[in-house]
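Think of it as A, B, C and D in the order they're written, each chain with its own count starting at 1.
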């Protein structure tokens, strides 16, 4: 399905960095979900660049919802949101040598030179604004069902954030922070490191750690459409994500079964595990514990340093110096994108399990 | 689509650990692929348990191909392979307390107690035999197109294998090894560590590292159906895989853009990169470099130690001691499963890009 | 998805006329559906040829359910049924000139000569036995939910059956008749006409008319996945079906809006329409009235007369005289196939709307 | 997938009759297709109401392509077209009793009262403008590959058009006619009959007959994704279509096999059939002959006569007199919608068979 993801609830993305508008269609939304435009704006603001640690490109993100909402609530028919691209400076992006670490070369091969190369075209991180707007419609609906999603910058430029503590406290707090860390002092160090890299014309990467609480047990499938598989499928669409791990993830390689198995207990909330090395998932299916996963975000490929590359027109090797406006780090901005694709993926799985209307309200 | 994966080429898995037969259907295969039953057997042998480091369950894996092959070649219509379950001892698996780290509890919630719990039922690693048989039909076809896939046990029980060297040498060599490592001495240490864990009634995990050479550039999609996303979706179906990373993966968090960007060169093979931190993928699309990815395999959850758990019938907490036959490690057996799902996923993407018949031969 | 149909509940078909076994996998079935093997046998018997009006090929249809059922009930994991092909006489089916009206030529083009041509291979009506077995698992489950499906031979060889009367009486009666007509005298005339055609080495066609009662309103989608579109998609898989119409169908061309619009009334059963020209569907969505649709079944293409054709090996034109065993009509046998694909399609739509478990029972 | 159709090439529809804009996204288009905006306008003009035989609603259909086109050609990434709704008069459409023959009631049930009821909302025929715009991008691309599509009003208000003659002449001629008939005199009679019905506040239906020439043989699948099944699935999305038949369709019920089988010949164009009762399809797969199919279009449900209905707010039965602007017939306007969905469906099947790039041009 290419640029569409999901079965019962699906999202389709379209647009280019320098086109007039980008957007998303969500199909299969339950009818009757209140659409809070202020929350959509707030989520878009979290994704928007800000301060010295981001690109100078400034977009108002004056989104327009053009279908699927009537009298402030979703209708159940396709929801479409458009976001205009206002601050485009195409002259900055004349067709140059392929930018290393970007999709310029692969797009050129795949699309035979017909691709809109300006600012990365359809591959631009700009498109994630539409994902965030789409996610902002379902995040409050999941919250009404008791399902909370949150993400922090667990590591950036070699600096670690604190570990998750009480998720009921951590997640709401993280969700409104512009630079989402649990330990503010560590966050300041990360931002200083980003600025330092920027000053050198370079960029840094990081790790995002996410948690979801309140997800019912029994969601996901044994083969192929495992909860891990579907989430990872979606998360690898977040630009620059190159790895996804659940629970203790790669650290499980060095544990023994007697350490990694999460013992089961039957308490007041029902059956739960004492530890959560499996990240809330066994056999591809949610077990009622918090979902825990981590995504690595590579350093932004756009840097202001000389790089070796090849000119797509001539095939000649040349030294490339990227101009234009760039982010010295995107891990902190990718955070809200991760939350959004997580929310959309969970809505799909919940709709598959409980039906079309489960997420919605009572009759109008 | 649940237990089916793929769009142009899809695979459907069925069966239970203690049912009469397990199997797989591949739909969308190119017509005219030679089916080498000896190779199917050889691949199944690589997955089968052997020696002290595996379960004592022994299956002959006497597969039968019941559709989609005529006069030794695929017909283009659905290919079905069945593998009988011969050595089942259901008495070993009476409904007990939920086994920690297994899907017993999540299956119970999802299927409301109707699940076939014997030996893990549909969740059993046994089902991967059908995946391996399915993969064994397409691996030789990819090879004829110059696409080679191979995997080694990069780490097990805290012991590292050597790094990939010359893939043209490494991959064919790995593909016939029962315990696939590049450094045999390290492999012997790993096996000793597995035996030591087994002697304690415990189990160990590890990391599989895979490479694919010869994949054309231009395969994959910018959003959602990225090459990373689709491979990860499939790889998380390999039981016990809890993390997937591409290229330098989680290590990218600590690199700078100037290090992580792979410089482009135009050489005799066409445009290639000098390094491969991106694992052969940019913007979700193959770039002509080797695909590189790693999967973490958690320690086998079946261990011969007392564990805390809950009885599904009574809801009582109890101490569980799992009996029956178990693997102290599965990372080495999972290797051929990883190769198989990789092969099936790539066939799908190649068929989407180049059409139904690309993988096949000329007319009969 | 080719040989797979359905989203939440999907069915995959495999096998060839002269292979060892044919079969079907249903994925996404609710857990806890009782599987009545006697009913599966009874449905298969309705599809099986019998008497002078059918092919002399006799299959015991000794099906085996090899996955997805435990202690007599569906588990919720993939359900697989296999049916052996016992009475195959491949010598009857040496590769001959392409049989007119069959798929021989199109299969040859599509599969480049690699197709299993024996008895039509994967295109054979024989494969519908697997569809019937699959349908026989869900028809009783729908019935428990108050949803009844039934079909009669509305026309055959130019002879009309009576019209539907009281569906609550008609449907159960039809469902056990070997030659399903409402007016037995007309049915005898039809059978005599079939025998007369057979005596001339020829074949006849007909029209099947189906009704579904008890389907909840609100099932189906406005665009693309309309109830008509999905049912038609599935029904055109019934071999020889070349047209599908809903409600008054093609007769609507000659009605005025004031005649074709079904007036709405609010009675004891809720809102219903006075007439049913729309066949229970408005805007692609069920309206609570009985679904009504008709399928035309072309005359069996296998006839015992000389026909002009082309030899696939030589490209020469030649006169073909088909030998082997054939049906002078299949409309009466196709009836149970129509019911089966209807049932499977409705299960999918109901699972999409109400969730995975709706069709199932309470907990085990 | 609900409001999305297609696998390799998919189309997603969104928008409501009285929303700001409607639109469509096509994903999977080959890169390098020239986009002829004048042709898009011309196709939209064929769909637009005109003269006394159509609604008085007048839309300029000033479409905007906002993604997927660069320098006049498709890029291969999602193509999005928006069409503003300019001439909306929502006051005409206050929530009234459910209009008989419309989707008002079924939408109300499905969406629990949250539907945008104004002018039929997402169910409005207005949405087909987006389908026509989408189709207008691929129709010229198919033509460059030698594939021509055309449709005539074969019957309207009881008046028959002439039969297809030489398709190479008929199809191009039909494609530019505002009222597409082969026999102009019959067309004038039809229009007079439509005007007469309109004068009585009533509406009429009809039959559209379509032909496709130049489609390669070997396109379509044996089960489920048959060429008939996929086309019918799409065609039933054209509002008011209630029946689809291929080749001789329902008339096959009364033919014998010896009449209905199309004899094969091997001529200068390759293997063809002498007759075309099967409408260019055998076993679900194209056979190289023209595709032939017919759709019945019911009389427009909006009529200016008193009708019995039920008020959705109160549940009371009442007499409804629809006001606003309506079409006394839509069969002539639906023609270009049928061509568009046919073109989109064929593009998908061709891309599945021959790969992503087949429809496109050489490199830029």
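In this text, a contact is a pair of C-beta atoms (placed from the backbone, for glycine too) under 8 Å apart; a residue touches a chain by one contact, two chains touch by 3 or more.
Being a predicted model, the structure only gives us computed values, none of them experimental.
Enquirer: Which chains, if any, touch chain A and chain B both?
Expert: Chains touching both chain A and chain B: C, D.
Enquirer: Which chain lies the greatest distance away from chain A when centres are computed from Cα atoms alone?
Expert: Relative to chain A, the chain with the farthest C-alpha centre is C.
Enquirer: Roughly how far is chain B from chain D, going centre to centre by Cα mean, in whole Å?
Expert: Centre-to-centre distance between chain B and chain D: 45 Å.
Enquirer: State, to the nearest whole Å, the distance from the C-alpha centre of chain C to the C-alpha centre of chain D.
Expert: Using C-alpha averages as centres, the distance is 27 Å.
Enquirer: Using mean CA coordinates as chain centres, what's the chain B-chain C distance in Å?
Expert: 38
Enquirer: Two or more other chains in contact with one residue: find those residues in chain D.
Expert: 1-4, 7, 13, 77, 110, 122, 222, 357
Enquirer: Using the touch rule from the top, collect the residues of chain D that touch chain B in their complex.
Expert: 7-8, 77, 222, 352-358
Enquirer: Note which residues of chain D are touching chain C in the complex, please.
Expert: Chain D reaches chain C through residues 1-5, 7, 13, 97-98, 100-103, 105-107, 109-110, 122-123, 127, 155-158, 197, 202-207, 217-226, 228-230, 232-237, 239, 241-250, 252-266, 271, 273-274, 277-279, 281-288, 296-303, 305, 307-310, 315-317.
Enquirer: Considering the complex alone, what residue numbers of chain A touch chain D?
Expert: It is residues 1-4, 7, 10, 12-16, 19-23, 25, 27-28, 31-32, 64, 66-68, 70, 73-80, 82, 110-116, 121-122, 357, 360, 362-364 of chain A that touch chain D.
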